[in-house]
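Below is one structure, written out as structure tokens, with a few remarks after it.
Chain IDs A, B, C and D follow the sequence of writing; residue 1 opens each chain.
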Amino acid sequence: MSLTPLHDAAAVPAVHPTDAGSLGVLLLLVIGLPALGAAVLLLGGRRTDKWGHLLGCATVIGSLVLSLVLFFDLLGKDAGERQLTQDTWTWFTAGSYKVTFDLLYDPLSAVFLLLITGVGSLIHVYSVGYMAHDERRRRFFGYLNLFVAAMLVLVLAGDYVGVFLGWEGVGLASYLLIGFWQHKPSAAAAAKKAFVINRVGDIGLSLGAALIFVTFGSTSFTVVSAASEHAGDGVLTAIGLLLLLAACGKSAQFPLQTWLLDAMEGPTPVSALIHAATMVTAGVYLIVRSNFIFSLTEDARTAVIVVGCITLLMGAIIGCAKDDIKKALAGSTMSQIGYMVLAAGLGPAGYAFAIFHLLTHGAFKANMFLGAGSVMHGMDDDVNMRHYGALQKAMPLTFATFAVGYLAIIGVPPFAGFWSKDKIIESAFADNFVVGLCALVGAGVTAFYMSRLMLLTFFTKKRWEKGVHPHESPNVMTWPLIGLAVLSAAGGLLLVNDWIVDWLTPVVGEHAEEHLSVSPLVMSLIALLVVALGVLVAWVFVGQRDVPREAPVKVSFVTRAARAELYGDAFNEEVIVKPGWSGVRGLAVFDRGFVDGIVEGTAASFAGISSRFRLAQNGFVRSYALALLAGAAMVLLALLAVNFS
Amino acid sequence: MVAFWILAPVMVAAALGLLFARKAVHAALLLAVVMISLAVLYAVQDAPFLFAVQIIVYTGAILMLFLFVIMLVGVDASDSIVETIRGHRAASILVGLVFGLTLVLGVAQVSFGAPLGLDEANSEGNIPAVAKILFTRYVFAFEITSALLITAALGAMVLAHRERLTPKPTQAQLAAQRVRDYAEHGKHLGPLPPPGVFARHNAVDTPALLPDGTAAEASISRVLAARGTVKSAPELAEDVKALTEGDD
Amino acid sequence: MDVTPFIVLSAILFTIGCVGVLTRRNAIVVFMCVELMLNASNLALVTFSRANGNLEGQIAAFFVMVVAAAEVVVGLAIIMTIFRTRRSASVDDASLLKY
Amino acid sequence: MSNDFPWLSVLLFLPLVGAVAVMFLPKEGPLAKQVAFGVSLLTLALGIAIAIDYSPDGGTQFTENVEWIKSFGAHYALGVDGVGLTLVMLTVILAPVVILASWNDGDAGRWSPRAFFAWMLALEGLSIGVFAATDVFLFYVFFEATLIPVYFLVGGYGGPNRARAAVKFLLYSLAGGLIMLASVIGLYVESAKTDGGATYLVSELAKIDFGTDVGRWLFLGFFVAFAIKAPMFPVHTWLPDTTENATPGTSVLLVSVLDKIGTFGMIRFCLELFPEASRWATPVVVVLAVISIVYGALMAIGSDNIPRLIAYTSVSHFGFIVLGIFVMNSQGLSGANLYMFNHGLSTAALFLVTGFLISRRGSALISDFGGVEKVAPVLAGFFLVAGLSSLSLPGLSPFVSEFLVIVGAFVHSKVAAAFAVSGIVLAAIYILLMYQRTMTGPTREEVAGLPDLRPREVLALAPVLVLVVVLGFFPKPLLSIINPSVDHTLSKVDKHDPAPTVAESTPEGAHE
């Protein structure tokens, strides 16, 4: 770029990384280890069955160690120097357009690296136990490694197209893992659905990247961030909206939310890693990473906030009605990501809190998913909470860790969720009262459905199926639970001294001051009050009553709607799928009948004409002679006509 | 011109007869009428050589050939009147009429002027004059026609030739066959009796009489027997009686 | 002697020959009609010869006769062969060469 | 390599001579197959040698020029630039793959298996000729000659309706060729009017200014033929019918190699010879290309027959290629050129792997499968990778090209890009739907005993998929030879890439 960006106080921070030097190799290794693991496990075949899971764990743990090394190295640098790049090779060039695989390592990538490899490692270890009896465990670990590698590419890429690579890579891994038990048609269908809906989001990312190229002549963060201030509002808003579409797809935000609940068909560790802690938060990452776009466009941010608000309420409502423990948690995930998106939409005031909530959520939601997996493990893979009850005695460790996660998500101090969610609610109120109210109500509903889940699973009476003997899971599964529980409890430490905010400042810019009319303390108290109300309601309506083993049929419209996931699927089915299918069928008829019909018809008409003419060749000499004579007569007539005209 | 006006209607009538004659033999005869009339017209038009050739070649050779073929194919083979191709006859007549009318009208429109006549060309006699042209200017074409005729003759031979499918039986085989037939069916060993032997008549339609006075059926052609033109034995006997009585 | 009546006669005979070829089914009769057409043309040739005052027309007629003779020989031989195999002299029966 | 030696002629005639040689080998026994495979490998080796010797910025290379028919101005002229070399390489790479993969496909045909392989080699040689010809007349001769082997390959070996499919293919292509012939003759007429006299050399023709009307008519003649070949909506219907009945190997050569003649011709002849007419036709062609993308994808979704489905996906992909060509900017054209190569690989993989699947089950209907993954995991894995490459997953080679085309289309027209990009969703639907229905779910009885891929089949498929992955991350070898050619083409059509909007606008006046 020939233009030098004009830096002023309100300017967005430009990405101007320095060469990573010797650490760059580590960056490559962070991605390379799990990628290598995936390659070995997937190409190695049955030879690697015996030690495949160990290799899978080892590569991710190796990445975690490297990430920690990198993180502490970054921590030791000055705030201004915390952006490193590692040159690799040019991916492709065309005309003036050049896309490279250069990696960008900055505070944002750093925390993501820790989240991905940290939670990833714990879940890999957990999976060793969870998938112990699956004959295709080796392949499962291959896919998990593939996912980790792709996710790392996503957060380390220094170019939108590079992000796209990781973006689709995690989509592929998600597809493979949701459909891991592909002999189940529901799993295969869910996998396909997830991928296809993600692809709808990818339209946004493709077109967004294209628009960015047209506008800035490059898609690398460095160039775009330096020049974004010079772009027009319209263009920035358009880019923002396109990126939001991408984020909606990947993060299961309204209106592309329907795939997430179906994705629970995958094995539980997958749900924990991909559909709770990491992949689904990639949308939030994308928005925060693109802060140099979003900070400059009020309109796009408003759209982000609206999407976030709608989704956080939708997810919460769905979570209230689901009896499937994983789907209830998935609804909760949707809702929590809604919070993050909402926070990201607040702009400089919210980026850091979005990431903060993302991190804490990654810990406590992974914790609860794994807990749910542990419960299912003990309950013979039954997922219906109405068949649980009073499990706190049978599975004390699971209960304890789950409880930590529960307290974290509903926002009880001092657990991690309190700090992160409280900050978002505060920022939301500072931005707009309605938005704040949404966030507040969402918190109350969260408290309700999580308490309901807690009560149905661990308290109330036994409603177990016959022959089920709940038991605590093996150590290899409980240790990761404990690890995640610790993180869920202590995640709030990141906010000490506003560390997380300062840490992310080089990436997202100076944190904007909040202008809240009431003091933060009052705000927190109000939020706690709402949460307490939610818990109380749950206690009254669930804890104090007998829970029927079958879900009651006669329920209010709201419950029915929530059970039907607010008719998202029904809407897609009626408005897109069914008309789509009839359209495709109609098109097939059109193709056969009209497009090919013209061709075939031309051929057939020639064939018809010749078969008609053919009849003139009747084999009778006399007919031929007649034709001959007629011809001669005509020649004669013609001659006469010429001569006497 | 008198000859023309006499012959023309005859020729047209004979030609039309060609169209309607049921039997091929009749058609051939009507054609002969046309051809002879044509020959006369040639003669009238100072073409005595062609007159002779027309009579010899057409009426003599070609028509005889036709008659031979008719004989071989069967005299009785006659057309059925029913037209098998739908609309063909009407169309033929229509097209023929159009063609003919156009031709006639077209020809009639042309004024040929007075004929120059062949008196000068035929001054040294028609045949020498024709020969002169034929053996000078048209000698090559003439020689070619000889090749054509030879080819045609060969072609006719090839077409008429029937390939033997079985080896020709030898004398010995034929003799053995005869003896075998005699042994199995009692077929007469010797040659068949000729008609009329020991009889009043020696015509072909008269069977020979066996020593006992009965007629030998084998002595006459089966064709004649089928036609019923064979004289029966009692008739013969009466003839014999009349003769003997007359002698008395 | 005017020329035109001869030519008209020739035309009429030719036309009758044509119609005969078209309507008759007995191959021999068809052949006769062909001969009639040839003869009709011969008449015209001879007439033109007289009209033009040279003998070329007669020569042409002579060649027509030769060719006609050859044609009849071969043609009749063909009819014989067909008759031998098909037991029929109808031209309609030899209609395999169709469609 | 010395520059005088006619390397391209050798490359072109090696398979042709091989084809003749194969016909003299014994009908029975594997010798004919082995020789055919050996010849194709030899051709590949020679092709690689040529590619190594090629210098990316050197323009048209390995040129040969012998006067052929003087009165027409026709020459036997060969030579390759970046675009031509890419496609020649695609041809020589796919030929041994196809021969190895179709090892037993020729056994059940109407003629002997040796004829099957001889025709394949002949097709390879003629295809190389098409891509290497630098004389329009020679190109035309090769263009039409390629139909003959395909006709016999389709008509002699393959499904129950092969005869009809072969005739349809032949007549459809001939019709296109006929229209093109008119333009070829027109070129002669026009070039004869110039001072240089009649010529068919592309290099000479490119200098002629045909004038608006004549240029447009000639352009149309070429374009229609190439659109049929490509195939584009609405002249695509021969392709599904043909692939439905052809053997997988034939389909690969047909779709991956031969159909590229259409898009190759659009660049080489439509754009470079008739720049004005190409610019004039751009709006219509872009619309047709976008329709092809969406239409092909939708038809693929609705297909139950696997080869038909793949044929329709190709219609969609060719829509992308044509779109990339006619948006006339570096991104689009580079993408389109790259797409030609990548589509060749991915479609080849898809045809071959589904071919293995179909030959095992004896049915080509998706509804006849289910749960194959359980019994044949390796096959399923290859299928998935091939499918993912077809839906342009990043990391696999088609992504780069598709992304570049979308970017190029976006530069040209935002609306066209917006419609074209829907192709990526539809691609996901048709590939994953097919995978879901065939591979996943409970294993059906009929497929329970299906054997997994044999070593020969793995050996045939693996190189293609390895290339797909390697080029997905490192397409530079291809792009480095394609980009100079693209610049050349763009200079011919007199188009320049627009500069990024931000670089032009000042901070104050920055509004859309």
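Operating definition for what follows: a residue touches a chain if its C-beta (ideal position, glycine included) is under 8 Å from a C-beta of that chain, and two chains touch if they have at least 3 such contacts.
No experiment lies behind these values; they were computed from the predicted model shown.
Q: Give the chain pair, either A-B or B-C, that is connected by more C-beta contacts.
A: Top pair by contacting C-beta pairs is B-C.
Q: Report the chain closest to the protein's overall CA mean, measuring from each chain's own CA mean.
A: Closest to the centre of all protein C-alpha atoms: chain D.
Q: Please compute the C-alpha centroid of chain C, do the same for chain D, then give the distance between them in whole Å.
A: 66
Q: Just how far, in Å, is the C-alpha centre of chain C from the one of chain B?
A: Once rounded, the distance between the two centres reads 17 Å.
Q: For chain B and chain D, what's the span in angstrom between their mean Cα positions?
A: It comes to 76 Å between the two C-alpha centres.
Q: Centroid from C-alpha atoms only, then distance chain A to chain B, rounded to Å. What do you get?
A: 105
Q: By residue number and range, which residues of chain D touch two or more other chains?
A: none
Q: Please list all residues of chain A that touch 2 or more other chains.
A: Residues 618, 620, 622, 626, 629.
Q: Two or more other chains in contact with one residue: find those residues in chain B.
A: As it turns out, chain B has residues touching two or more other chains at 85, 88, 92, 95-96, 99, 103.
Q: Let me know each pair of chains that touch one another.
A: Listed in label order, the chain pairs in contact are A-B, A-C, A-D, B-C.
Q: Show me the residue ranges of chain D that touch chain A in the complex, using the header's touch definition.
A: Touching chain A from chain D are residues 168, 171-172, 233-238, 241, 295, 298-299, 301-303, 329-331, 333-335, 338, 371, 373-374, 381, 388, 393-395, 399-400, 403-404, 406-411, 414, 417-418, 421-422, 424-425, 427-429, 432-433, 435-436, 439-443, 473-476, 479, 483, 486, 497-503, 505-507, 510-512.
Q: Contact residues on chain A for chain B in the complex?
A: Within the complex, chain A touches chain B at residues 618, 620, 622-623, 626, 629-630, 632-633, 636-637, 639-640, 644.
Q: Mind listing the chain C positions that touch chain B in their complex?
A: On the chain C side, the touching residues are 1-9, 11-20, 22-26, 28-29, 31-33, 35-36, 39, 42-43, 46-47, 49-56, 58-59, 61-63, 65-74, 76-81, 83-84, 89-90, 92.
Q: Going by the contact rule set out above, which residues of chain B touch chain A in the complex?
A: It comes out as residues 85, 88, 91-92, 95-96, 98-99, 102-103, 105-106, 109.
Q: Could you list, by residue number, the parts of chain C that touch chain A in their complex?
A: 18, 21-23, 25, 91-92, 94-99
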